[in-house]
């Protein structure tokens, strides 16, 4: 069966604790920051950012939005631009994947991504002495000078496939394939599943009136959906959808 | 010392008057220093990685891409002059040819060198040829530029072989003589390739629907920027060529080409520039009123940030666009050498500004509704590499000028043989 | 003119010889395994005829690879026989319960994910399809390592031109791809990369 | 025949041409590219199959269930245990990178005396000398562990005093302990059955108590609804994460939370919104309004909101008698949905502050938070796994790292039900490290050993026949045939959970309304997190996401 893995992230449940970021980085062997790193040169395949309604005092409202690769379905911006096929939309899972070993580090895909979900390895990955023993065997360490991004913890998908093969099943057991960030979220704000399956809870949630996607007008059909009942968040997120000329900044 | 002078002299074309060796060395010295500095900076980037630059995940492209786009536009003079002379038979432009080739060669090789520093894994860059993604504008650029660089080298060979010492080797002379017949073909091929990569350099940004500031609709697979870049490159190429030769004349203090040549180049530049501005205007209108609103972005999203506000758009089009075009075309101003050169300078400035806006402003503007406007200042390593490329160009041109008959136009093919 | 041609051909020939005969030897450095191991002996003497009597696939699909010392200790808790290597095994690995630093001929780099479970259980491939008949031999091969890439020579295969190769000789990505093409199994990059 | 220069040139040309018909250039090109994909200076992850083990986190008192993935004998990944009834698979963010901590650059690996390397024998003799001269205090950060019993036993036999450093959460519970005459260590909050929670600055969604317990509760019953089943009212000067997510947020002036509590109590009494009778607070609404910066109306509104949906429970981040008194007034003490007394009796520990630090020496256990600095001129022996920096201790003694020692985890401070975990030593204890218990046992070999203590705990639980052991599925204690069987389960990472507390098990009586004391600032788990360092990854990510300012001393 052709799957289309995606998420619905409930912004009303996100407390901005950052567990998803850390679980993601640990799962994917992201190195600790080098001394000269800045907030804009680090590797954060999952990045929680703060939103605010821009007011002060008692009227101030804040929320948090986890940003990861949106797994664009249509005209995936990064795929078309890569000069040497290091980026590809996986046919069987719909995952937008990146093979750092093929990448030559031209960073064209990063300029193409409107969600800033791609990250460049500016430094050689280095760990404090001995800490390399704690690396996840399932994920290869990226070398300096290549681009990387979220690939929905595809290693865990491999594990699920292997299990299925031994059990003689054709399909994986959904319970075996849960990305690290989804597993880590203490409030269960991230719903993960197969959007191609009409009965999957994630599909139902994605179709609820409260759910939306970032920069929908650009037409990249992201498979990462967001959900909120708070009007100010919705207004901010839909800024480009509704009033294309009214700029409002946080 | 006297030995070296003799040596040096022996390489200079007979009868051609050149400055003393000492003078020449003094002139070269600062440029060589700049080049070495650039090489050192590039070395740092190779050894430590791109953390030596001030680029980051949000400013994934920086000064270097701006440099590449600019010098390649400037180098357009090479193929265009070749095209004018060999295809359109504008023989009075012949004296410009050799200079054009040298400029083109330096610009393109410089650009490729910087690209190699710019990518994170230069040792794997050849993957693009082995596993090309035919949908990518960058693939198109890579293929065309590398092919055209080859063409330029081939075009440079006959110029090189006219050196006094090299001529002494008969086989070389024969080779050059035969090779000369090939040059028109090369010019044609070069023109074809150049059209494509100049265009795809524009397409590079035009296809980014994720960046509404750069995204343009177009014809077939090519966004409008594809054609705008070709046009602007055609316009700026001759201007830059003119500037270089004029500078050479100033420094050497002798007239190298007839004033008429300049005026002709200027006229061509002007007409194309006018065309370009007109096209650009139409494009901007369509983009602001249809393309970008469709993506949910309006002028305010692009032009409400100081300093990269709409003034840039204005400057690039009027004082650095229309104005020089007029100076070039109107006979009264075109007759005046100073104004002609001024126009050339303005034209180059305009195209530079356009390339800057396309590369840097595109990345500085926010896309997500909760993004901010970003700032970026290149690190000294980036600047030094930039300077190194310029120095490299100056050095190659100076050497070529000194030791090769760039302007002493060949008087008929037979001359070559007899000279041997 | 004739002389020139001869000289040219001479140089050409030298290049060919150096490239085809000398280069392959120079490219690889040869290591011998920490101790000799004979598949044949184990198959015949101790009835471990099947590959999966030592190289097992767990219930969760994980492949054990070369058996750990604990497995060897099952029989070799004490010296069986008098060979020097037997002593090495027991004294320096089994007794102090250290892992034997085997050099894995078919070790793929960290970015490659290969599931023995899927290829043997789901696709029903025989071990020999990729590993050849090494499991039936009674000698321990020399491990050849590429000086530049650090890969085992088995990855590229033993013929430097990669023409006319024995089955199971060569484990490059192209080999995986051609096999997948033969069996009409389509996977994307992430199917085999991690 | 003689070779001319010309021959050389042509020969070279031949070689050059020939090379292109050999594998040399092509193979080199490929191998160099492969080299760039496997640069030798880039660490490679371990090989070999991955096995999953289950245990309990010992990095703080919260007793979260951990699922640890191990490869080649090292932990390579951590996640929560979804079958754990308390944490329900949640962890604090730092937990997910905790397996890096043992290699943290700040890891203590040698005994340090006044900043210089020393030996264990020196440290031991110094401590023995101190004991001989006496008096000596031993400070425990997490009383009730098997290891604590070792410390206690030593104290009993060597005329030294056993003291504890209470966590802010336990301190918040002390007023009830005093008024109700019960041990503070047995008190907890019955969050599960309450319908309104008024937090006076407690970081409920940000690492308060056991992470996962409240966050899960909140996300199931409060999040994203305009009229939630569970109302969370956050009273905090700044818009903290909890405040940002609360149902209502009130922002009084810093330190005026106590006054606000008293003012609210006043409203409740004046308007007869509660039946309970307590002494009238000595505060007027206008003063309170002036102090808190809130309008009298909003104070009234707050009071009404509190009693709208009951049971209601007020929670303070640290000791705050007024808030405690408010709970008494609201009848939120000893009842479901309030402050409850757990079934298992526990000794009431004496806090270190009790006797003004007149000691010859103080031995600080590795479980004591790094912030705890005894105000004393005694000789301080501090056990720690990481050097948090700026320590005033005379002796810094390296103790076993994360997952390196067999220990047990008693009930978490705020928990409503009794729990018991055993944390096995999944990795070998690092060379040169000694746990406080091991240290004291070296001095007095007759001390009980931790493993036996754990064993007797298990037997004790087994005898009560109460509660259940939660492995993949729960097993009532009475269904185990032997204590050993149950212990094995616990050692494999299962958790024992006791019965829910009986209602009315205790009550508090107020003699007079407590004077309002300015409350300490709320501290998120970045402070309550026990290790004095962040996992390098966490430090990095918080810096890059600018999500949370990791305190400087916690930087990787």
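Letters are used for the chains, namely A, B, C and D, taken in the order the chains are written, and counting of residues starts over at 1 for each.
We adopt the following convention: a residue touches a chain if its C-beta (ideal position, glycine included) is under 8 Å from a C-beta of that chain, and two chains touch if they have at least 3 such contacts.
Computed from a predicted structure; not experimentally measured.
Of all the chains, which has the CA centre nearest the overall CA centre?
Minimum centroid-to-centroid distance belongs to A.
Could you tell me which pair, A-D or C-D, is linked by more C-beta pairs in contact?
A-D
Could you please state the distance in Å, as a whole number, between where the Cα atoms of subunit B are centred and where those of subunit C are centred?
It comes to 52 Å between the two C-alpha centres.
Determine the centre-to-centre distance between subunit C and subunit D, using the mean Cα coordinates as centres, and give it in whole Å.
Each chain's C-alpha centroid was found; their separation is 49 Å.
For subunit A and subunit D, what's the span in angstrom between their mean Cα positions?
Here subunit A and subunit D have centroids separated by 29 Å.
In whole angstrom, what separates the CA-based centres of subunit A and subunit B?
40
Which residues of subunit C are in contact with two or more other chains?
If we look for residues of subunit C contacting two or more partner chains, we find 58, 62, 109-111.
Return the residues of subunit A touching two or more other chains; collapse runs of consecutive numbers into ranges.
Answer for subunit A, listing residues that touch two or more other chains: 38, 42, 49, 101-102, 124, 138-141, 143-144.
Give the residues of subunit D touching no fewer than two other chains, as numbers and ranges.
Within subunit D, the residues that touch at least two other chains are 32, 35-37, 44-45, 47-48, 50.
Tell me the shape of the graph of touching chains, choosing from line, ring, star, complete and other.
Topology of the interface graph: other, matching no listed pattern.
Go through the chains and record each pair that touches.
A-B, A-C, A-D, B-D, C-D
In the complex, go through subunit B and note every residue touching subunit A.
Counting only subunit B, the residues touching subunit A are 49-51, 55-61, 118-122, 124-125, 127-128, 130-133, 135-139, 142, 204, 207-212, 292-301, 304, 362-363, 366-372.
Would you tell me which residues of subunit D are touching subunit B in their complex?
My answer: residues 29, 32-33, 35-37.
What part of subunit A is in contact with subunit B in the complex they form?
Answer in residue numbers: 34, 36, 38, 40-42, 49, 51, 65, 67, 75, 77, 80-85, 102-108, 110-116, 118-124, 143-147, 214-220, 236-241, 244-250.
Going by the contact rule set out above, which residues of subunit A touch subunit C in the complex?
My answer: residues 88-93, 95, 97, 99-102, 138-141, 151, 154-155, 158-159, 161-163, 165-166, 168.
Write out the stretch or stretches of subunit D touching subunit A in their complex.
Against subunit A, subunit D makes touches at 36-37, 39, 41-48, 50, 69, 71-72, 74-80, 89-94, 96-97, 99-100, 102-105, 205-207, 211-212, 215-216, 218-219, 223-226, 239, 241-242, 244-245, 249, 251, 535-548, 556.
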